[in-house]
Amino acid sequence: MKDIQSQNDSRKIPIDKVGIEDLIYPIRVMDRANVLQHTIAKVKLSVELPHNFRGTHMSRFVEVLNKHSNNITLHNIEDILDELKKVLKAEKSYLEFEFPYFMKKKAPVSGMESYMNYLCRFIASKGEKFDFIVEVNVPVHTLCPCSKEIADRGAHNQRAEIQIQVRTLKLVWIEELVELAEESASGPLFALLKRSDEKLITEKAFDTPRFVEDVVREVAIKLYNEPRVYWFKINVKSFESIHNHNAFASVEIDKRQ
Amino acid sequence: MKDIQSQNDSRKIPIDKVGIEDLIYPIRVMDRANVLQHTIAKVKLSVELPHNFRGTHMSRFVEVLNKHSNNITLHNIEDILDELKKVLKAEKSYLEFEFPYFMKKKAPVSGMESYMNYLCRFIASKGEKFDFIVEVNVPVHTLCPCSKEIADRGAHNQRAEIQIQVRTLKLVWIEELVELAEESASGPLFALLKRSDEKLITEKAFDTPRFVEDVVREVAIKLYNEPRVYWFKINVKSFESIHNHNAFASVEIDKRQ
Amino acid sequence: MKDIQSQNDSRKIPIDKVGIEDLIYPIRVMDRANVLQHTIAKVKLSVELPHNFRGTHMSRFVEVLNKHSNNITLHNIEDILDELKKVLKAEKSYLEFEFPYFMKKKAPVSGMESYMNYLCRFIASKGEKFDFIVEVNVPVHTLCPCSKEIADRGAHNQRAEIQIQVRTLKLVWIEELVELAEESASGPLFALLKRSDEKLITEKAFDTPRFVEDVVREVAIKLYNEPRVYWFKINVKSFESIHNHNAFASVEIDKRQ
Amino acid sequence: MKDIQSQNDSRKIPIDKVGIEDLIYPIRVMDRANVLQHTIAKVKLSVELPHNFRGTHMSRFVEVLNKHSNNITLHNIEDILDELKKVLKAEKSYLEFEFPYFMKKKAPVSGMESYMNYLCRFIASKGEKFDFIVEVNVPVHTLCPCSKEIADRGAHNQRAEIQIQVRTLKLVWIEELVELAEESASGPLFALLKRSDEKLITEKAFDTPRFVEDVVREVAIKLYNEPRVYWFKINVKSFESIHNHNAFASVEIDKRQ
């Protein structure tokens, strides 16, 4: 059968990225306890396409994924990118895995255990060099400092979300980024709380008011002081309980500059 | 050209509903002040198909919509359904319009004006009789009575959403349902608040704690006592600020029973 | 600490359903090969609340889930509902698990294997009786019979989705419903196809044109003739490639009537 | 009342962007025929915050929007950004409006008219200079050249979406970008087609097969040759009808380099 994709293309336009996305696939990711966690990823894989080829070969992306999905780790990801470059004859390859990651958490007073789910993303590419970003999305609790100050009683508070992206010199575990985010808000979230826990969490949040501006800075300071991290981007979004729109704040710092 | 849709079908299976959905279309809806409000609807239109016809004629749904989209009112909706029955030779026709509906609101102390957006739905059908449901989705503020009671200071609160569906004997305006919902929560939401407003709203919410169970009952009592409404369904969903999941409560009452 | 939820309520309004939703939780589901498949569920759990109680106890839903999430089967689900009734002192309990379910599929000519993902739902309740619905959502390929007939060459085709819900007398596996759906369309989908497969699939779809009306009837006939199924509801939605809206058709049949 | 936001901040971390997002607001946009089109925007507004201020004043974003939402044009957008800088005492301000934009289209043979909806975005900022990006998202039809070549009959085809972002020296209308996108695919989409139109469109798509790689290059050539455009980014996504994942291709070109 004719290979239309390999035909010569005369339009003189190289394509930055061509590939597949929104592929839902079962993967296993190594967690901090060195256990392979089963999860489900939304996968995006692509390569550069030189100007003289008409198309890429889409099925090869899935063939490469099939070989590696059982064990997604830092080293494995570089292997996937190398293999994509090879089988697709490309100078550069790109990869994104978006997946829920579960951590078992204990309620602070009752000690009851349950799972919390953090949406994570591995964003990587390999041209001459390997580039790797870890992203975590951490739902938290924020209580408004202005509302607390001006009101005679109470203070509005709400669910918020902290997104952290890092580039690192050495491995930083997802669990470390989640903990760092939770310590920067008015409080963490849990799937299971008893009344004794709810009392503590309510009071602690009231004692720790945080604007989105405060949260983004608290996270930034912690990442700035973490020597393994050399670049980071933080976005905090608060689902305001007195508005139907959201407040946000973002900071990006490259320590090499 | 051959009319494949009109071919005889021998499979003996009538189809309950066949039609189009997810059509995004500009419409104009009459508001309480008798002004035609420009908005954008997600439209779903369908008919019953007898067992002996192979298919319906999809383009006719859009032709009928085209004639009427400039003025969507209660009477107009029954006309659309009648026309769908006629042009598609059907015994029963169905229609859904989902659209954002804007109300100008004044902040309670500063008096500053801004627009709030409420997602609404008209759900209607006509077989022998005309059936019409109005749905409004009203974002509100809820403050947890348990958290307030057990904590020495503060109380967790969050954005919540009240969905109301009604069948009525006489016209009930969207604006009336929105106001009724907002009065049943710990407080309403606004797009624009100054500090004096935020103080009032924070204190009022603290003085009006509401579980989802409370909110759904407060709305139910109001609708029960409204003589124009003969059937209603209420769903309240609270985006809990101490959990990453939501709490909900629902009630459906048919007064004719 | 005071138990606000257990306070007496004087508003005389029983609540149909109160509970939690949008809880993301790792579960394991038994597949046809008797293997426990790891997946991730969006969970909704609720109970009836009598008029004289102010609130339910939300944390107990998660406690019950924690005990059972390792093995979700038909029997297990009835146990969860019984336990919810008991710990929440309710007359009726409700449960929904929505989860991606993976099946390994071979491409028809090359034999290459890959995973396809089908979104499934278990919808169950227990009052006096146990009610259980299995839902599968199966992406397929549809080719328009009208376009094929009237055009001199080609025919428009597109991705479509078949949703099937069944109540059964005896266990029907998810795999059986998926296969039955795929056989009712112009063709099934795959994650991985080589050129030899693509040729076969293209030609087969061209030889098997199907309106949404055809697909819904083909599925209905198969379920009608399956003695284990006593009730079913089918919805077919086609993401039309010549329109920016979708076509749909639905049928519900209760064989006991 | 105390102004907490204006407090001095000692953490030494300037914030890149702080503001509001997901605000749903009615706006009016000027179209090519110089008519103000009513639509509904999702609005994002933000400013830079110097390291020494604790917070921004969120309500002022909505106050500025209120003044200008009746007439969103290129000049107006720069005014909004200038005003945000002024009232929020910021060095740089940012704005995004995402909105459905309607164009009346005639079916190619029958001449029947209906509205097509294109999701658009204005992305702008003003520091020392004004930067303005127009984005359009155009749903189209693509037919696979490989499938056509290897199959004895038919060819798989599907809905696809072309996203174009441009920076320009002189005004380019949304309508021009939509038309340019539609001419680059296997065919355009319509809300309303009769059988004579469907015949033409089916045949034309069969005669104009296009990979995502082809589409992105066809758009790139047209934008490259358009002197008003000095920078563009194109992303094409095809909702493959034989897979449950999507194919994509993207190109970004800055002509000044």
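The letters A, B, C and D name the chains in turn, as written, and every chain counts its residues from 1.
The criterion applied here is as follows: contacts are C-beta pairs under 8 Å (C-beta built on N, C-alpha and C of every residue); 3 or more make two chains touch, one makes a residue touch a chain.
All values reported here derive from a predicted model rather than from experimental measurement.
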{"item": "Chain whose Cα centroid lies at the greatest distance from that of subunit D", "value": "C"}
{"item": "Interface composition of copies subunit A and subunit D: same or different, split at half", "value": "same"}
{"item": "Centre-to-centre distance between subunit D and subunit C (centres being mean Cα positions), rounded to whole Å", "value": "35"}
{"item": "Distance from the mean Cα position of subunit C to that of subunit B, given in whole angstrom", "value": "25"}
{"item": "Multi-partner residues of subunit C (each touching 2 or more other chains)", "value": "1, 23-24, 117, 146, 150, 191, 193, 195, 199, 243-245"}
{"item": "Chain contact graph, described as a line, ring, star, complete graph or other shape", "value": "complete"}
{"item": "In the complex with subunit B, residue positions of subunit C that touch it", "value": "1-2, 4-5, 9, 11, 13-24, 43, 46, 49, 54-56, 58, 145-146, 149-150, 211-214, 216-217, 220-221, 237, 243-252"}
{"item": "Residues of subunit C that touch subunit D when the two form their complex", "value": "116-117, 139, 141, 143, 146-147, 150-159, 187, 189-191, 193, 195, 198-199, 201-203, 205-207, 239-245"}
{"item": "Touch list for subunit C against partner subunit A, complex", "value": "1, 3, 23-26, 38-40, 59, 62-63, 66, 100, 102, 112-115, 117, 191-196, 199"}
